[in-house]
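There are two complexes below, and they share chain A, which is joined by chain B in the first and by chain C in the second.
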Partner chain A sequence: MRSLPRLRLIQGAGVVAVFAVAIAVPALAPDPATTNIAVFTMMYIGLATAWNIMGGYTGYISLGHAGFFGFGAYALGLLLARFGVAGGYPPFLLVPVAGLLTAVLALAIGWFALRTRAATFVIVTIAFMFMLQLLAENLVGITGGGGGLSFPIPNWSGDFFNTPYYYVMLLLATVGLGASWLIRHSKFGLGLLAIRDDEDKALAVGVPTRAFKLTAFVISATLVGMIGGVYGYYVTYIYPQFVVDPLIGISMVLMVFLGGLGTLSGPVLGALILEPAQLWLAYNFGASRLYLVFYAAVFLGVILLLPRGIVPSALDLLERWRNRTGPPASRPATPATPAKAVAP
Partner chain B sequence: MTLVLEAIVLGILTGGVYALMASGLTLIFGVMRIINVGHGALVVLGAYLSFAVWRALHIDPFLTLVITMPVMFVLGIVLQVVFIRPLKTDREGLSVLVTYAIALGIEGLLGFFFTSNYVQLRVWYADSSFPIGSFRITYVYLYGFLLCLAILAAIFLMLYRTTFGASIRATMLNRTAAQLIGIDVDRVSAIAFGIGMATAAAGGVVFGITNAFNPGSHYDLISRLLTIIVLGGLGSLRGAIIAALVMLVSEDITSVLISPVWASFVFFVILVLVLLVRPQGLYGVRVRDRL
Partner chain C sequence: MSLLQIDKLCKRFGGVVAVDECSLSVEPGSITALIGPNGSGKTTVFNLVTGFIPKDKGTVTFKSQVIDRMGPDRIYELGIGRTFQLARIFPRLTALENMLVPVRRQGLRALFSGAGWSNEKARAMEMLEFLEIAHVAGKLGGALSYGQRKLLELGAVMMAEPDLVLLDEPAGGVNPALLDRISAHIRKLNSRGITFLIVEHNMGFVMNLCTDVVVLHRGRPIASGKPEVVREDAAVLDAYLGA
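After this line comes the complex of A and B, so read on.
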């Protein structure tokens, strides 16, 4: 612990540097092909960070977040159509409203889903996702059903087109990371980690587990809903299977697992590695469906070789290197150890 | 009224297939405490294997099971040993991801070999039917139902009348205790996964004869199967069978009374209602600790 202030300094400088690079991306690589990748990568940084607030901190694995993503997209699209908002910057102002609507939905779904735990919870979230997909399909009068929903298209020039979306995604990802950091350093966050480690004991020592879980669920879903809204506006046309896509839901989960479940930087790292790789695979092998096989292979490799994720594994290595003169760090091997709670 | 009666009969006949598929899924959960999100893809894989054998040998699709069930059984053991067994920590969470990856891999491979066009297994008697009262039942539905019933009976006999079945049940009850009394739980797990896959092969044939399918069909299947096993209570075979019948009958009744587009919605409505009253499902046991 002797070098803690120095470590803090390095961490602070690192965060500033990463942000500076993130802000400069559209200026450094202005061609639309690159900024398109940047928009999607930033989107997944936000999604993975948001998912981690629920999945990483409380240990409740939701595979249904694609439902909130699609709901947010539909909410924004329908708001824009309802109020006749033209393309440009104004639609972004309605993103928080889409988020608010997603929050209300998440409160209702969470109230049901969080009556269950562990495996049952996972399945219930999947069921709710398909339920939302089916509603988007069947409520033709509201959503347009399988015919899809179009967004207004801004009249920005080709080279500039992606840039505003990129910065809005960056803003949402920053909000997500800020929320994640604040939660992590609050009593609320400690309560969530206690739920992950042992929910019944947490309840016994006075953590209001139900309220805490529901709050984390709603925060996580709201962020995902807002990002979904911006995504819908970016791709300009959505339909149920496309926007309530189980693959989107599983991608954010995989990114969190790759980077490190329950860490702050893990989801960012996971998204930075996987999303460009995913886009590259889809671009090169998309036609033959073989990209799914490659994606599955990456997936299996990550989980079987790095079950705890990059950040916790790297921290372990660092710890061992620091204590190389002393006995090896006696850290229990299970992922749900309190030791992990202090990882960055 | 006749329509409703017909819907009930048809619901029970198709419910048998879902009961078989869901039994495999809930057995895998019970023995290994993993959610096999890839089960739908395995059913579709079974259907495609039968499709390939049927196209090559021109035999009755039901007979292809003689080949596909053993193949899928062995494949199941391989998948379990290679992908599931290495998971030591956080099995429930990681297994979801691993089996999801298996589903994606299968979907990709099937799309590559068979394209994403819809196909269906055809039997020569596909259109022949027999009358019951005022409506007719096609033979394939009846044969499919009887096949599933026979396999389910075999599974129950195996579980309750053989020593190996006893070790499966012991492992389902308490993995550690089973290990302590000398049961090789790794071997039991691998074989249980193989049995799950073999039932998926059988379910796949019946599914493929009664439905057109493509590599992406597994999403629809898995959402139904998972709902069924949660409704029945995770790890309960009896629960899975009853839940499958209840679900499919309600679905068919909704289909005739309201509209076919809302049929699958009933699944989720029933799930929500049941979770309100019994979060542990129909036959589930409420485990204070981790369920």
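After this line comes the complex of A and C, so read on.
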């Protein structure tokens, strides 16, 4: 128990150091190729963290989050067009509105989808995503259909162009991590973890499972929608098949599984490993879909070697090492006040 | 006035009548046993009372409030806790976290804030001490023995301070030493004012512990009263021995 405050101090210092490095990235490596990797990596940190709030904490695996991503992108694009907002910083101010619109959609989708469980839920979310893709393709008058939707282009220099997007992605990832931390350490989060373990039992001990799942789903989708909006503005032109892309959804899931499902740092680690690797492959072997082979290999590796992901496996190893060298044999109970004997 | 009143409750599963015009009552402060042969509808009655399955007909009233259209979480909130036939705990949460899940918190702010954790953790530790399993507080639920799970499940139900606890076969799969401990814990909790309704096959356990007994057969009560009276009832002997 004595090492616990020291551990927390180390953890805190680690978080501050990582955050400081994240802020310094554009200054340390200002060339556009690197900042482009940084933008996408930060985007996936945010996406994986947001997905984890639903999939990791409740155990409900959504493969349709790419739908919210695309919806957020279209929502921001259409808002910018509707209000005639020019390129520059003002479009970022409308990102929360795109998030809010995504939240409304998630509330409606979640209301129905969360009546199902397990594999059925997975299929319902996939169906929702493809429906959204079809709508984006066919509602030509609104979305531009297969012709795509353009965003205003900021008048920034080439060297600086990526930097504002990077910082907005960093901000959204930080918001996602903050929300994830807050949820994990709250009564609400404990309820979500209880749902993950045994939903009927959670109901039996008073967890309003439907409301909890729906709230987690909406929070998760809202973040994904906002990130989708910034992505649309970054790439300046969006098409249904590229922005409502199942591979975006699968990438989020794979990153979370690789890093550690239901952990705070796992999605960050997963995104930090997979996204730069994928972009490196694209830079070096062309923009083919070769990275899918790499993804498949990683997925197989995770299932066979690290079924719980890197972070939980590493914690297990650490625990075993501590048990061999030191006293505690289990996770600390950390009661805030010493337990008292009960008078019968 | 009865704490729990069940009137003409019915439930069919396809062509099978699981609960048939079942009426019974549970008095406040009692330890009431609901016994009967396998398939007599005991667990179905539990599932109907706690809102896990919808009724076909009938009424369930708890503290003068009709609850038969409410969901399990709402019924729990009103003061009815339950355990399951096979001990169910949250395997990937620690024993202490298992105890904290059922604690009631009102309002959004309370749900998302860490305020109150200290008191709740202290209370959970007290309950674990009371059940003599405080030493496993930091262990994951999945790593506990079956007996420890049974006790943890009972403790977790108590955390929300229910008025009525429904125990589904608390003696099932439990060794005699632990059975005595479970009995003693139920008695102590009962002396603090908690009412129990227990489904159980172990007649020794029922006769020693319970103040009232209701016997179900083919979904309807065939006898009720004090254990020593029910034990001698001809209809009960018929149902159990198939005479």
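The definition used in the following text is that the second predicted complex is superposed on the first by the 317 of 344 C-alpha atoms of A that agree within 3 Å, B and C clash if a C-alpha of one lies under 4 Å from a C-alpha of the other, contacts with A are read in each partner's own complex, and residues count from 1 in each chain.
Criterion: a contact is a pair of C-beta atoms (placed from the backbone, for glycine too) under 8 Å apart; a residue touches a chain by one contact, two chains touch by 3 or more.
Computed from a predicted structure; not experimentally measured.
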item	value
Which of chain B and chain C A:Ile310 touches, first, second, both or neither	neither
Which superposed partner A:Phe112 touches (first chain B, second chain C, both, neither)	first
First (chain B), second (chain C), both or neither touched by A:Leu182	second
First, second, both or neither for A:Asp200, with chain B first and chain C second	both
Touched partner set for A:Pro208, first chain B, second chain C, both or neither	second
First, second, both or neither for A:Gly191, with chain B first and chain C second	second
Partner chain in contact with A:Leu172 - chain B first, chain C second, else both or neither	neither
Chain B versus chain C as contact partner of A:Ile53, first or second or both or neither	neither
Which of chain B and chain C A:Leu254 touches, first, second, both or neither	first
Footprint overlap on chain A, comparing chain B with chain C	200, 333-336
Residues on chain A engaged by chain B in the complex (per definition of touch)	59, 61, 63, 112, 115-120, 122-124, 126-128, 130-131, 134-135, 137-138, 200, 246-247, 250, 253-254, 257, 288-297, 299-300, 303-304, 307-308, 333-336
Chain A-facing residues of chain B, complex	29, 33, 35, 37, 83, 86-90, 92-94, 96-98, 100-102, 104-105, 107-109, 111-112, 116, 215, 219, 222-223, 226-227, 229-230, 234, 261-262, 264-265, 267-268, 271-272, 275-276, 279-281, 288-291
List of chain C residues in touch with chain A within their complex	50, 52, 71-73, 76-77, 81-82, 84, 88-97, 100-105, 110-114, 117-119, 121-122, 124-130, 134, 136-141, 143, 156-157, 160, 188
Touching residues on chain A, where the partner in the complex is chain C	182-183, 185-188, 190-191, 193-194, 196-198, 200-209, 328, 330-342, 344
